[in-house]
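Right after this note come the structures.
Next come two complexes, and both contain chain A; in the first it sits with chain B, in the second with chain C.
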Partner chain A sequence: MAEPYTITNPPLVCWSCHDRTLGTHFCSSCGKLVQLRGGIDYFTLFEMPRKLWVELPALEKKFLQLSWKLHPDNFVSASEQERELSLQHSSELNDAYRTLRDPVARLEYLLGIEGMRKEGEHKQQAPPELLEEVFELNESLEELREAKASGGDLAGLQTRLQAAEKSFQAQLGEVDARLQSAAREWDAAFDAKADEGARKKLLSRMNELLNRRSYIRNLVTNVQKELQ
Partner chain B sequence: MAYSEKVVDHFNNPRNVGSLPKEDPNVGTGLVGAPECGDVMKLQMKINPETQVIEEARFKTFGCGSAIASSSLATEWVKGKTVEEALSIKNTDIVKELALPPVKIHCSVLAEDAIKSAINDWKKKKGLEVPAAEKSAH
Partner chain C sequence: MARIVGIDLGTTNSLVAYFDPQTGRPQCIPGPHGSTLCPSVVSLDPDGSIIVGEPARRRLLTQSERSIYSVKRLMGRGPGDVQDELKLFPFRIDPASQNVIRVRLGERVFTPPEISAFILRELKNWAEAHFGEAVERAVITVPAYFNDAQRQATKDAGRIAGLEVLRLVNEPTAAALAYGLHERQRGKVAVYDLGGGTFDISVLKLISTGEGDIYQVLATNGDTHLGGDDIDNLLQAQVREEILRLHQVDFAKSADSVQELRKELIRVKHELSAVDRATLRFPLAGGAVYAREFTRAALDALIAPVVERTMKPVRQALADAQLQPTEMDEVVLVGGTTRTPLIRETVEKFFGRKPHVELNPDEVVALGAAVQADILARGVKNMLLLDVAPLSLGIETYGGAVAKIIPRNSTIPASAQELYTTGVDNQTGIDIHVVQGERELAKDCRSLARFTLKVPPAPAGLPRIEVKFLIDANGILQVAAKDLRTGEQHTVEVQPSYGLNDAEVERMLEESIEYAEQDFAERQLIEARTEAESILTATAKALAAVPDAQLAGGEREKIDANVAALQAAAAGSDYKLVRARIDELNQATTHLAELMMNSALSTALEGRRLAEV
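For the complex of A and B:
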């Protein structure tokens, strides 16, 4: 992997003028759309550093500017190659925007490109201290489903589940707060050009928190579905 | 995606559903979960302290068909085996037996983890040594 704190693209030979170019979307020599670099990440597409705090209005502005420049409508009478490239750049840009504007998707994406979410290598673990509670909650959910089907005592079960939902919502809030503080640390480490060890430590902490978050999030969704 | 016949069979007729008394000194309990799908799996076994043979196994799993089938199969397989034999069951054996597709491999991993975790719980109760790697993993 390249030096993590630089966002320069690897040089690319422009298909049109054959000059070497560093441009993300357009050739710095002839101004034509360049081929999309294989494995280019969303942060680079937006020419942003790999930081987690993103100013949404600025991101939107950049998105609109870039989509306007890359839009296939601008290339209707251009060569087939350019029409194809404009489609590729536009569609990647849309995916990138959708991911980067959402803080959770952004973090998950960052962990992905940093190699934290590969199956096998970093096994995704459910938080063990939550499992008892999760198991009991699932049992209550099952009871509620059975009671619904057979017309049993719903009120008592519903109260229990509402209490459980409240507790899990509170835990979700807590995880989010911890994630936010870890994200701030990540950005600070980025600015300070922290070493690989510090980076990895922060990444695995965020990975663990994100696992915890999706686990609790799933539970809350399940409970809400049953309580409706 | 279609489930294999064996998965459907275990799903419709799960073997050994239920629970064993958690406080029983001869019962080991494994509780594991998968964060990506919210599955949670409880596997319990009653182990003869003299022969180290697993005499009873029970499971309860909240999750998809493959998770239920994997744990159901796991209870079938460990019954009658010694602790050492049960520890040698690999998730790949479960994948093969149930013809699990790649997206469901984590269900078999969960079942293998559940077996190990239950045996470790029993070992802890008996004051036996628990492998260090397993201790931190669960």
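For the complex of A and C:
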């Protein structure tokens, strides 16, 4: 069960009635859709704490409830301003749901809003302990491409690549397990209101694991593509 | 509130439907020929008027170079895209076509949205005749797997036809709406939609909530160039080859005969859906006759590859929805081509359950469009549709690779923000190329648009421009840019790679209104001629009944002169002149009418003009 969690929005001056309102989507005075608040994160949008364990049925329920109210189908006969706002609010809602329901996208997003992943910094360097294995893999892949082109010994290479794929799949499983335990630690630290230093350490650890994960995943995808 | 109609703009047939609040059900509107199906065929008459639907379909056989069918295959595509189609379809593409294809009909050229607009205008006329009032707003269906350019082209067609297109709805989703309403289904539903020219598969979840029913599309896939047409083409190619071999007659030389043969083969195909054997007798030039018996088994063997091609998108859609075939609670078949027994068997075997076929597969999409039209007219009251983008949206990055920013099967509206800056000092523009598709290289994806972001001169890396890519509820891309340093909104002029710009659409709308006026004049002329005929008959009858002696001096001559003048006018094409001559003859026969009534001893008719007697 998620514990009750309240978030206070910064007040906004409604475009329609000019009252100050705290509503995320609708003006508390006139009931119209309010302007999109820049800087509201997806967790806040769903009135959820910034934790990594998410109860999916509850998330879906909230998504469907908000969809009823925000979907552009409700505003076909409304003013142009309201139609535009409904488009902005409902696309934000859909983006948020798409991100939060997927564990990896959720983690990536959390790292982003916590300042761990900067724009344009998705460089993928081979984790040092994998270098040797990656080097061998690339060699095998190259040989396979050549063999495909010239009709060389495919079977032997394929067996070697299948073995490599299996090994990387196993490592992927291991990374996932470590990520899960880090995520549990993060949620516990959140509940315990841990200090900035402890939180930063956890975030940095998860960031490294996530990079490693996407690196290995790419390797696996590449091998699978060649083996097809 | 004025009515909103739902329109299925199909490859082979188009339909218009509305939601009847009295029965709480959607209903298709029949045309003047009594059928709810309007063949998606357009023909240009030598007199310059446009003929649509059943009469145009008949002209495919006699005036094939002035007529076009399956124009949906050309929507939103460039001349380079349709080379394969040209081998199989008698499209006459104007060599001057650039981004947008131009098709030749007789002595004129039209873009595919203009031709589709003629069909939409015809359906609009059907609806207006049915309601006795103007219809200006519509929901139009599109294949779920249509890309941005194809959707935009459909929207443009609506505008050219004088319709405000309130929403484009995906065809399988529309079918699910119609079925959901009909069957009160819940759970996971697969919709297999094989039409004349397009194939879609959609996987939906039907959810009951406190507020009402939600139709949530989980995944969609398809092929916008796969349909019943392909089956017809296979049959046609086989028979043409046989005729060439057995009778040394080459059909490629006569477009009219090809259409005649195609029509016969479609008949054979339809018969084989019901019985195991069908025969074809086709007279050839020079007196020979090509005769052949077709069996269902042979047809099945011929079309098996087409059916197999539909299964790859089916598997992909299920994989994307993370579901197994057996997890589906319902399977729905949509589109006329799903009447083919092999398709029914294949789908049933794959999902392990009998598919729903209760609703007419030709009408179900239009009915669903009418349901969506009703939702839009009244606001979301008890039904909500959440659809998805069928293809990933990406932007070209270094080396021609694609960075996906909105993945396929994202619920729409959906958006993504990207931050851009400059690479050199005082750079004034950043080029952006938006593509749609699943491939890794931009050149293998569909180019949607290219545009240049304007940047105020500044040192390299200092400008920060946030670009928001948004796919709206119609599945159409919008782009907005914001300068994060100044907070200023930039307008982004997006020139579609394969579409019409606003000015072109406006011009086509004006031209099409001229056509509509021409149509109006034609209808007026027909009515005036009918009226002229009845007054001429009545006058002749009266002149025969009333002795000349009862007429005043010169009266007979005056009437004769007016009769001749009206006959001459009715032979012409100016309806206003016909009306004027009718009035003149009415005036001239007022006295005659009185005499006629007196002699008939019918006081009840007193005071009425001759034409009314």
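Methods note: the second predicted complex is superposed on the first by the 213 of 228 C-alpha atoms of A that agree within 3 Å, B and C clash if a C-alpha of one lies under 4 Å from a C-alpha of the other, contacts with A are read in each partner's own complex, and residues count from 1 in each chain.
Assume a contact is a pair of C-beta atoms (placed from the backbone, for glycine too) under 8 Å apart; a residue touches a chain by one contact, two chains touch by 3 or more.
These numbers were taken from a predicted model, which means no experiment stands behind them.
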Which partner does A:N211 reach: the first (chain B), the second (chain C), both, or neither? first
Partner chain(s) touched by A:G112 [first = chain B, second = chain C, both, neither]: neither
For A:P128, is the partner it touches chain B (first), chain C (second), both, or none of the two (neither)? first
Thinking of the overlay built on chain A, is A:P103 touched by chain B (first), by chain C (second), by both, or by neither? neither
Per the contact definition in the header, classify A:P49: touching chain B only (first), chain C only (second), both, or neither. neither
Which parts of chain A are touched by chain B and by chain C alike? 119
Chain A contact footprint on chain C (complex, rising order): 1, 166-167, 207, 209, 211-212, 214, 216, 375-377, 379-380, 384-386, 407, 410-416, 419, 470-473
Residue numbers on chain B that touch chain A, as the complex places them: 31-38, 40, 42, 60, 62, 106, 109, 137-138
In the complex, go through chain A and note every residue touching chain C. 64-65, 67-68, 71-74, 76-77, 87, 90-92, 94-95, 97-98, 119-120
Once bound in the complex, which stretches of chain A touch chain B? 119, 123-128, 130-132, 134-135, 138, 141-142, 211-212, 214-215, 218-219, 222
